[in-house]
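First subunit A sits with subunit B, and in the next complex the same chain sits with subunit C.
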Partner chain A sequence: MESVMAVVVGALFAASVYMMLRRSLVKLVIGLILLSNAANLLIFTVSGLTRGKPPLIPEGMDLPAGGWADPLPQALILTAIVIGFGVLAFAVVLIRRAYEVVGEDDLDKMRSTDL
Partner chain B sequence: MNPEVALPILIPFVAGSLSLVFFRSNAAQRWIGVIGTGALLVSSLVLLYNTWSHGVLVMEMGNWPAPFGIVLVSDLLGAIMTVLAGIMGFAVAVYSLPSISADHETFGYYPLTHLLLAGVCGAFLTGDIFNLYVWVEVLLIASFGLLILGGERGQMEGAVKYVTLNLFSSIMLLAGVGLTYGMTGTLNMADLAVKLPEVENQGLVTVVAMLFLVSFGIKSAAFPLFFWLPASYHTPPVAVSALFAGLLTKVGVYALYRFFTLLFSHDVGYTHELLLWMAGFTMITGVLGAAAHYEMRRILSFHIVSQIGYMIMGLALYTPLALIGGVFYIVHHIIVKANLFLVAGVVYFLRGSYELKEVGGVWHTRPWLGLLFLVPAMSLAGIPPLSGFFGKYMLIRAGVEVESWGIVLVALVVGLLTLFSMVKIWAEAFWKAQPEETGERARRFEAALPQSAVVLMVLPIIGLAAITVFIGLGAQPIYAIANAAAAQLLDSSDYIEAVLGVRP
Partner chain C sequence: MLIAVLSGFILAAFAPWLARSVGDKAGWMLSLLPAGLFVYFLGFIPAVIEDGALVIHYTWIPGLDISLNFLVDGLSLLFALLISGIGTFIIIYAGGYLHGHPHLPRFYAIMFGFMASMIGLVLSDNLITLFVFWELTSITSYLLIGFDHENKHARWCALQGLLVTVAGGLALLAGLVMIGLAAGSFELSEILADGDVLREYPLYTAMVLLVLAGCFTKSAQVPFHFWLPNAMAAPTPVSAFLHSATMVKAGVYLLARLNPGLGGTDLWLYGLGIVGALTMFTGSFMALRSTGIKAVLAYTTVMALGTLTMLIGIGTELAITAAMTFLLAHALYKASLFMLAGALDHETGTKDILEMGGLRRLMPITFVTACVAALSLAGLPPLFGFIAKELMFEASLQAPGIAFFATVLAVASAIMIVAMAAVFATRPFLGDLKKTPKHPHEAPLSMLIGPVTLAALGLLFGVAAFIPAAAIVGSSVAAVYGAPVEVELYLWHGINLPLMLSILAVVAGVVLYRQWDRVLAMFERMTFIDRFGPERGYEHVMRGLDWIAAWQTGVLQNGYLRNYLTTIVLSTVVVTGWTFFFRADGAISLEDETGFTFYELGVAALVVMGAVVASVTSSRLGAVATLGMVGFGIALIYVLFSAPDLGITQIMVETLTVILLVLVLYRLPDFLNLSNPVVRMRDAAVAVSLGGLMTVLILAVNGVTVNDPISDQLVAWSVPEAHGRNIVNVILVDFRALDTLGEIFVVGLAAAGVYAMIRFRAEDKQK
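What follows is the complex of A and B.
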């Protein structure tokens, strides 16, 4: 299962880089969204995928019986999703506003301050 | 339990929340801005004093013992950086009073500034790598908001590049954090310092180190990842530029110092050699970019890049003297660079332009401003006895000691070219006469500027210039602190003992 996920993560990273290298603003943001999800899946995968073993300790014991799923990566991902959502919401508003001000969707045209 | 460690994070948060409570009253927000950043400065000085006298201070959040909970750790480097954040915050808050326009204030300038300071201090004080990611995001979100205040075309264009590259770097950081957790099962920096050398596959550790290098390289604007900085730093209001110039890239530099001393010092021959090359090219490209430009803020932005090279050089040489020089250089640079932006802002308010071709004659009307410019400018170029001289001297001497002649040559040449840029600004903005074509605008701007505004803008400049002179003339105490900070970086056992309670 981990190897399938690794391929998925790799494909997502590749797709996001491809999208970010396009000139369109909208594709740039799509690339950022894919990138953020790819990183979340990466965290999810590297810590090991464990199915159906909640990290609950039975009464009267110190450790869960048998193996258990690590809850910490999921807490990390949850935080990262919330942060990513906020940042990407900002990015979407930013490209809309940038499009209004510049009147172009083409990143190559956005260099009036670079000249 | 040391509650003072959390204060530099809590104070800006409280001040920012209060500013939101008084969102409709700009006057109240201004007062909260000055008082809040003043309180931050005081609390950070207390923190530095306590760290100096008691050693590394640790606070476990929610009383969860390390390495399971999140810890805040104040070692000397973190405490020094927090003090610098306090100085910057306070100076910029005073400078903002006359220089930030009422619309910018209405759109939340003060709450965002406080949030930025909270994020910066959090990043300096945290002892947990995921928590570091969270603080970096906090300061990034605040910086996005500050960067686009006003919403002009140039700001939008700069912001698109700034936001994209910084988000990319944050996601690299997040991926690095995830992979580190996968390898070691811990996120606590002290615990990682113990467990990373025990990882079986050291090649993988180096790969993860490279992820962090790219991420913090982008954040600190190191070659070849610096392009977002000169594309965006000249677009926001000048007080914001000064705050960014002083603090934001230094979060990246701080993180590089932390990660590549505490965590990734297992393969110094590879990682630090790479850092050394980065440092050299960062210096050269930055200073050449500055030489090519004629807009004050753009020149200064490129000089941030070139100066970052010196700081990374200190880390890359990785000898005690080099690290002392690096820490000393960070202290000097933050003060001086922000001050130069503040002076450039005053020139703008007197002349109505940042273009060197369009301004001039400031020396004839305000000679004291010329003197105030010369202090940070000569310090940046490394003229003795100002602060930059000692930083450069230590770094170059460290380079000579390990016979790394290439980087020594680069550092010397870049120092000379820095002098060229500073003299260019001096000669064009201060010395030459005001060009006739823009004379009308200059007179209008100068007449519209009330005397009280000039006083409020010049006060922080005088304060920062005084600190620069003090660091230069009284280098010994700063050297002593930098020396102790570098010793803590090189021998992490104090840090690890303070956090985990056992000596490694």
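What follows is the complex of A and C.
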């Protein structure tokens, strides 16, 4: 499954960069969402894929039964998903606000707003 | 010794305060430090004559093998004595020359900083320490040249001096590191003990060229000589100190210092010999063209530096003796002449020789001292300068390979220098009294004690040449030559070729002096010299740098996000890809241990399809919907591969994301097609290149485990230590609790931002 996942992650990265290269603000946001998903999936894939062995410890035992998927990358990705959502929410509202002020969705035409 | 070197820096910190509280006599009081150092260094003379060299050790940064070792031999002692001795007089002199100057306290501080750096430079045994002091002298001299910082020209000159010497300094650093690598040690005392190691080093040529670049820029050799006359923008005490004994001689010092290690090759002989001889000639020629009293002296300094470089290049026993004798003689008469020039300028208010005249009655002491020092400059008996010049002629005549070239240029320079020495000693003093901006009278004691003492020493050393020979010249020659040398200096050498050349130089020089006004008039018409000098080259380089800076800023900082992004992505792809395919083996593994089922493939296909459709669709709702498809697909992948917590989180976040996008983005306009197909294809290529690289990299690291995962320990601790059965949760809220707290803070901050922006909108609408 690693080779399949490699292609999936590559496709997500390509799609996100392509979207971020667009001039439309909305597409930029979509690119950001794809990028954070791609990065999470990248970490998940390279830390090793394991089927059916969640890092959960049954009652009465000190270790998961029969091996476990590495819990540390999962913890890191979980943090990243939540932070990513925070950034996204902020970016979306910011863009909405910028659009209201400038009345323009084209990044090229927003260059003068910092003057 | 450590205290001796650092005392200047310490005093530099307190000097402004001292100068302010003591007032007028601060110069005299502060000069006690260099005077004390001078006496301290004198105390080393017997030991150096006895043992040749002393090394004094202090540990500095043991981890990097940098130690604070000091090497005391004839050469470093000669320089240390000159720096502290002349420094004493300069500090006294500055008290008189800059009397009442509002920034005098600051001047003392920088001056002591410079003096301490210079003493550190000549005494360092470690190459790295030496380089640190070397750069410190560049920086402090920048501050000194630009001392009159409200004057734009002074700032420009200071910057020029700094840029030229620091650019050379960079080359020097590379050269010194190569020397250290070649010799396996950064200690001069160890490196110079076996010079053959350096000469046989495969990169010897590059090493020498780099070191020469540093030394030539510092010591104003052709074609870098132009900064030195411009450095005359500094107050005269600075010129007298920096351009007689010290800063500009740092390059000469290093050449002399490295001579036993690097010298003795054709590259060294021709490189130093030819550049030195050309510098010598250029210096005296430019001196002849100048009428500014300090400019004349600056160019004769260029001449002296060229002579020293040439003599070190020639490298015979005789040439080194000549170099060390000349070094001492030059320091004595040049410091004296500079201080006299400052006195003249201070009393008359003009710097132009042509505007001065008839000062002999008003400034008799200055006149007599100027005559004595100028005689030494011209190289007439019985002054010490005569001995130096005789030796120089003799060494040029015997120079291997370049004897004719060196001798012709030496004699030509000597003629011009005799003429300029005569101009300096007579023009301001003889003839009718000319009207000058200030009413002249004799300079105060503080401004005369230095030049008189130094000129008198020049006379004493000439008459009793055995004193300097025995005390210091002998051991310094031995240090530069790398073997003990019998040095005896005499005023009278008998009737021989060097004496004939001296007589020729004096006679021709006097003739030239009589015709000087006509010569000057002739030079005025030759303006092309200024148009094609190396200084124009410097200006072109500076303008070029400005232009490149403006151009590259325009290209790189262009304000378009997509251009930045393209640059970043392409650089990443090229650098990483090149490293991976050409530096590493570029092997990827298609081996798939986990295997895959059809529904897993289906999910993967959904994610890829979602991403592609989201990128190309022209419908906003379609993009949001396919984006949701991607997100939920990823959640499924998490669940399938043993990460239920990730799956749950992803589903929640994805739901919120879709709602948010629908709510907010739906109020924005439809997607516009803002770019043409060519641009889209180009962007797609950039995007695919990154995606491809990521795929390849994942395949390359597939199944590679460098270290055991640290999480095994976290799993083992989970129940007994943290009493939790969901290990991911335990890590988040227990082992990495602080991290999670930070995360909560970030999300809270984002929420506050969102709330604030929505509130603003509401308020806007109410208005």
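The criterion applied here is as follows: the second predicted complex is superposed on the first by the 98 of 115 C-alpha atoms of A that agree within 3 Å, B and C clash if a C-alpha of one lies under 4 Å from a C-alpha of the other, contacts with A are read in each partner's own complex, and residues count from 1 in each chain.
Quick note on the criterion: a contact is a pair of C-beta atoms (placed from the backbone, for glycine too) under 8 Å apart; a residue touches a chain by one contact, two chains touch by 3 or more.
Note that this is a predicted model, so its numbers are computed, not measured.
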item: Partner chain(s) touched by A:102 [first = subunit B, second = subunit C, both, neither]; value: first
item: Which of subunit B and subunit C A:57 touches, first, second, both or neither; value: second
item: Touched partner set for A:83, first subunit B, second subunit C, both or neither; value: both
item: Subunit C versus subunit B, contacts on subunit A by residue; value: C
item: Subunit B versus subunit C as contact partner of A:65, first or second or both or neither; value: neither
item: Partner chain in contact with A:32 - subunit B first, subunit C second, else both or neither; value: first
item: Subunit B versus subunit C as contact partner of A:46, first or second or both or neither; value: both
item: Set of subunit A residues, in rising order, touched by both subunit B and subunit C; value: 20, 25, 28, 38, 40, 42, 46, 70, 72, 79, 83, 86-87, 90, 94-95, 97, 107, 111
item: Subunit C residues touching subunit A - in the complex, by the definition given at the top; value: 559-562, 565-566, 569, 590, 592-596, 600-601, 604, 607-608, 611-612, 614-615, 620, 623, 627, 630-631, 634, 637-638, 640-646, 649-650, 653, 656-657, 660-661, 664-665, 667-669, 671-672, 674-675, 683-684, 686-688, 690-696, 698-699, 701-703, 709-711, 714-716, 718-720, 725-728, 731-732, 736, 739-740, 743, 746-747, 749-751, 753-754, 757-758, 760-761, 764
item: Parts of subunit B lying in touch with subunit A, wherever the complex brings them together; value: 130, 133-134, 137, 140-141, 144, 148, 151-154, 156-161, 163-164, 167-168, 170-171, 174-175, 177-179, 181-182, 185, 187, 231, 234-235
item: Contact set on subunit A toward subunit C in their complex; value: 1-30, 33-34, 37-38, 40-42, 44-46, 49-59, 61-64, 68-72, 74-75, 77-79, 81-90, 92-97, 99-100, 105-108, 111
item: For the subunit A and subunit B complex, residues of the former touching the latter; value: 20, 25, 28, 32, 35-36, 38-40, 42-43, 46-48, 70, 72-73, 76, 79-80, 83, 86-87, 90-91, 94-95, 97-98, 101-102, 107, 110-114
